[in-house]
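Same chain, two partners: subunit A is paired with subunit B first, then with subunit C.
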Partner chain A sequence: MAESIKILTEHFHQEGIEKLDVYKKHGGYAGLEKALKTMSPEQVVEEVKTSGVRGRGGAGFPMGMKWGFLAKPEGVPRYLVCNGDESEPGTFKDHYLMMKCPHLLIEGMIISSFALGANTSFIYVRGELMYVINILEKAIAEAKAAGYLGKNILGTGFDLELVVQPGGGAYICGEETALLESLEGKRGNPRNKPPFPAVKGLYQCPTVVNNVESIATTPWIMLNGGEAYSKIGIGRSTGTKLISASGHVKNPGVYEIELGLPVEEFIYSDQYLGGIREGHDLKAVVAGGSSVPILPKHLILKTAAGEPRLMSYESLSEGGFASGTMLGSGGFIAMDETTCIVRNTWNFARFYRHESCGQCSPCREGTGWMEKVLYRLEHGKGNERDIDLLVDVAKKIEGNTICPLGDAAAWPVASAIRHFREEFEWHVRHPELAIAPGAVFNKETEAVLN
Partner chain B sequence: MEENTFKVTIDGIETRVAPGTTILQAARQIGPEVAPPAMCYYKPLEKSGGKCRACLVKVAQGSERDPRPMPKLLASCITQVQDGMVVENYTNEEVVETRKGIVEFLLLNHPLDCPVCDQAGECSLQDFAFKHGTEAQRYEEERRTFEREDIGPHIQLHMNRCILCYRCVHTADQITDGRCHGVMYRGDHAEISTYISKAVDNDFSGNMIDVCPVGALTDKTFRFKNRVWFSKPVDAHRDCDKCHGKVHLWYKGEEVIRVTGRKNQWGEVDEFICNSCRFEHKETKDWVIEGPAKMPRHSVLSANKYRADLVKKPAYALNYAEQNFKKIDDSRPYDKTLSEIKESEDYQALMEKNKSYKLLNK
Partner chain C sequence: MHNMTATVAFTPERLEKVKEIIGRYPEGKQKSALLPVLHLAQEQHGWVSSETMDYVAELLNIQPVEVYEVATFYTMFHLEPVGKHVIEYCRTGPCCTMGGEEVYAHLRERLGIETGETTADGKFTIKEVECLAACGWGPCFQIREKYYMHLTNQKVDEIIDELSK
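Here is the complex of A and B:
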């Protein structure tokens, strides 16, 4: 691939980019000036629709369309809430963006609030990231002093207050309705839908919730137009995406990629992850954060039909759950052959058990059940029945819960068994081998044993 | 009227309801044979429902205008009907299977201590599991356990039995003042509790006992006094300055062993009662007796009512029977053998009558 296009991170390497003057020197707040001074809110929404940019928080819902759904009853305030809770294992891109370049998010928030007609907007940041909150608050103070926030912004008559709210310290507070509850000062329990936030959100008023990265695309779109954005990327996966790569790769970190980049190139090219660590081979990938189905090497590099797999919403989900996965939030976890899939699955299950809010019975009880069974399997106390039991429990949770955390807990377990069943069976049949520290199933040793 | 109502079909039976009605309410309007079970929804409590997922149903047709089916099962207690909606409940295999799963989930961490639980016999979880569950259990792991806890002078919390339906939380929120009770922690370690060292003590706190579908919140004045099926529920009322004073008195012999709100066909208390009526008025003389309470036929509560050998009939019941039933001639001798009875003309005539009865009902 040619020199990659950078929409979000182009100037991130500049010294002092977190400061207003440096950010402005590199084109910052130009998109805002253009939008507020020359465009109507409707035109801004139109540009975002044209860009085809999709929500970067996980679900990939087109942002312009979401904005279009916002109810606009007379005399009722509307709110924009930025979701910076980012607690999904494997995902750390919003954290990076806010820490590196807070003004990019702030500029995006002002543009988006203008488009939606919101006069008070919130950035809900994962509670553990206190220093990021400090960075954001400092930047907000700067922006306010420069007239980008507050009353009558840039003389346009548009008012905006931007509030940074530390999160409640729970993964579930990233789910948009739980986030709204938490923002209202309540326990972060997801709400039943409908009503959707677009109709009844924060304080029962129409609300848009968008991910940090989604909102950060708007300055570029304002400056260059939705049309230009839609030309980047592939098909309905327009634009670029931040991928937070971790695991057994040579160069882990946050990368901005053009959507449509082949997965193989992303993993092996020196421009990106630089391949798997020396002397090891790729075994499996979790492509979009811990919630998405895990895929073995052959299915992440190529689809079941033999096409090269691309980093795009469509290509990654090709094959459905039988052989595909999802782009999710872009938390790319690569695992080499030293990884025990059973242990990894147990680890994920432990996370979901801990993070379930406990409101609905399938998720509350099911996540605990799966975790306990996986713990037994991993510790050599499993039996043959357990594997099908796990599949069945995952199936009984999936789709039957209030919020998608139930699905997110079920998918990793179901997919691990779908693609790595023999590893689970090995744990059952050879517990004495499986419990040895660092023990990993391996086809050759299995052949010898049989 | 017709134009302002929506047509909805549930398990093949059609009904019309006002817009805004939930699927569950529409189904209850048709009758118990199609009504989905509800473990968390409680009509008098705002915002209840949506949590237990016992009431999930299949929407096979969204509405007349948009007939597409809904991809997922929906919680019928919080989903409003659309005009022309077609719902499958007991007729849908996926629903029946999923519900088995819900029973299993709700029983997963449950101690199964019905033999020592005061709620047994009037427990929604027992009924739910019996009707919708499987007989086998697949859970082999350790159950979560909690210490028993007194929350206030009248109520004991057995968190082990709680199904986290949030009904008591809504009760505390909506009908008592000075709420100091809610859910702490998350996931399967979530628990109902009071704020540290605070006790639930206000005029209407006792209703939390009535709304609790299981034996998690029990009446301390009734603990281990009796199995509910050995006691006789009676409708009674009194003039009360705090509530409307309509209750069930539960008799054991001459003694009122507990007072509760009156539950309707769906196990919901329509009108909440105050603690004074519930805990402080346990004498027959405090009350105006209306008559025996109607209990659902399927309930164990309607069994054993007339076992005079187990418990002596209380005076009020004898009085009531004397006033209302003395016209009944119960003097027919039962001294014939079965074959003699079968040959009698009376019997033949009765059988003939029964036949036509059956035909009429087909």
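Here is the complex of A and C:
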């Protein structure tokens, strides 16, 4: 693929881009001026629908369609809530976006609020990122002083107050209904759906929840049109996506890629991750945040049918869970042959046990079981039955909980066993090696044993 | 009760801030201010005591239990006294993949305490937390608002030296 198009990050390298005047100098707030001065809210929604942009928080639901579902009962306020909770392991793109270019999100929030008819909107940011919250609040004050926020914005009669709300440390508050509970000052227990937030959301009023990156696409879409956006990317994966890469790659960090980029190019090209660290080889990838199925090298580079795997919603899920995964939030975690899959799976299982809100027993109890059994295996105390027990527990959590945290906990375990079962068995058969420092199941250890 | 309120009361500047925060939400929805106000309380006292929770309940005109159940749900709130510097390191997969386990072991050894403990001089507390959304910049920890990233054993030593001064 040629020089990749940048929709979000084009000006991120500009000195002082976090300030309003610099942001404006590079085309900032032009999308907003166009939308508010020349378009109706319905037209804004239409452009977003045409763009085909899909939610960047993980589920990939078309943003314009979600906006279309928003109920509009007479005399009832509507809310827009931006999800900046970003707590899915491997994901740090929203952190990067908000910290680098707060005005991009703020401009997007104003455009989106205008489209939805919201007069008070919230940006919910995980509390650990207090320094980012301070950056956002400073930028909001600037925007307000410039007449982009407050009463009668740009003389259009549209009023908007923008509030940044800190979380308190809870992954579950990234789930949209838990986020709304949290924003109401409660524990982050997800709500039963229906009713959906579009009908009864914040304070029981119609509400749209969108991810930071989703909202940040709207200034470009306003300026260039939904049609132009829809031509970027591939098929139903339109536009660009921020990918946050971590693990054993030469250049970890946040990248904006055009959807459809071959995974192989993303990993090995110097323009992106630059390959695996010197002297090592790729073993496995978790492509879209800790929740999505882990894939071994051969299945992340190519589908089971031998087609090159692409960074797109469709291509990454090609083959279903048997041989595919998901784009998810774009948290791309690469692991080389020194990685112990059992240890990593245990680590993730501990995360989900720690973060389960405890409302639903399959998730509350199941995540605890998985963590314990995986701990046992990793520490050389497991037995043959443990592996099937894990598969069984994962199955019993999946689909049996109010919110998808249960699924998110089950998938990493189920997929690790699906693709790396022999490594789990090795831990059972060779407990002394499983606990030996530095001993990892790979081709060499296998050869020694045979 | 009155004495306690005196010790947990916000400074006048923070009281102003609380008023401003409450004003962000619609009439009658002042409970939404709970998380931001708890953060303010922790900023002032270093931790959140049950007396502080009662005081916050009074300020927001909600039941004390509504504050307890929230303060105990969210992991950022320290419900017991902590050291001057609370080091919260990320123990999650990607940071460990990027060398975290070794670096954190060095940190614990350097301070001579385990996770959850405070040094005898009351200077440092170590806490283990989950993913801080800085995975590719890991291993990492945070101390209050500040993120420390790309940690190595040497960097950890430098940070501790600096904060020990």
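Just so we're on the same page, the second predicted complex is superposed on the first by the 445 of 450 C-alpha atoms of A that agree within 3 Å, B and C clash if a C-alpha of one lies under 4 Å from a C-alpha of the other, contacts with A are read in each partner's own complex, and residues count from 1 in each chain.
As a working rule, a contact is a pair of C-beta atoms (placed from the backbone, for glycine too) under 8 Å apart; a residue touches a chain by one contact, two chains touch by 3 or more.
Just so it is clear, the structure is predicted and the values come from calculations on it, not from any experiment.
Within the superposed three-chain model, A:364 lies in touch with subunit B and out of touch with subunit C [touch as defined at top].
Looking at the shared chain after the overlay, A:422 reaches neither subunit B nor subunit C. In the superposed model, A:354 lies in contact with both subunit B and subunit C.
Using the contact criterion defined above for the overlaid structures, shared-chain residue A:227 touches neither subunit B nor subunit C, since it reaches no partner.
When the two structures are aligned on the shared chain, A:21 is found in touch with neither subunit B nor subunit C. Using the contact criterion defined above for the overlaid structures, shared-chain residue A:402 touches subunit B, although it does not reach subunit C.
Ranking subunit B and subunit C by residues of subunit A touched puts C first.
When the two structures are aligned on the shared chain, A:192 is found in touch with subunit B, with no touch to subunit C. Judged by the touch definition given at the top, the superposed model places A:244 against subunit C, while subunit B stays out of reach.
Residue contacts after overlaying the shared chain place A:389 against subunit B, while subunit C stays out of touching range. Residues 170, 187, 354-355, 357 of subunit A lie in contact with subunit B in one complex and with subunit C in the other.
Interface residues of subunit B, counted against subunit A in their complex, comprise 49-54, 56, 72-73, 75, 78, 98, 101-102, 104-106, 108-109, 138-139, 141-142, 144, 163-164, 166, 182-183, 185-190.
Interface of subunit A with subunit B (complex): residues 170, 172, 187, 192, 353-362, 364-369, 372-373, 376, 389, 396, 399-402. Those residues of subunit A whose C-beta lies close enough to touch subunit C in the complex are 77, 86-92, 94-95, 120, 126-131, 134, 161, 163, 165-171, 182-188, 203, 244-248, 252-254, 290, 331, 333, 335, 339, 344, 347-348, 351, 354-355, 357.
Within the complex formed with subunit A, the subunit C residues making contact are 24-26, 29, 31-36, 38-39, 60, 62, 66, 69-70, 73-77, 88, 91-94, 96-98, 129-138, 142, 144-147.
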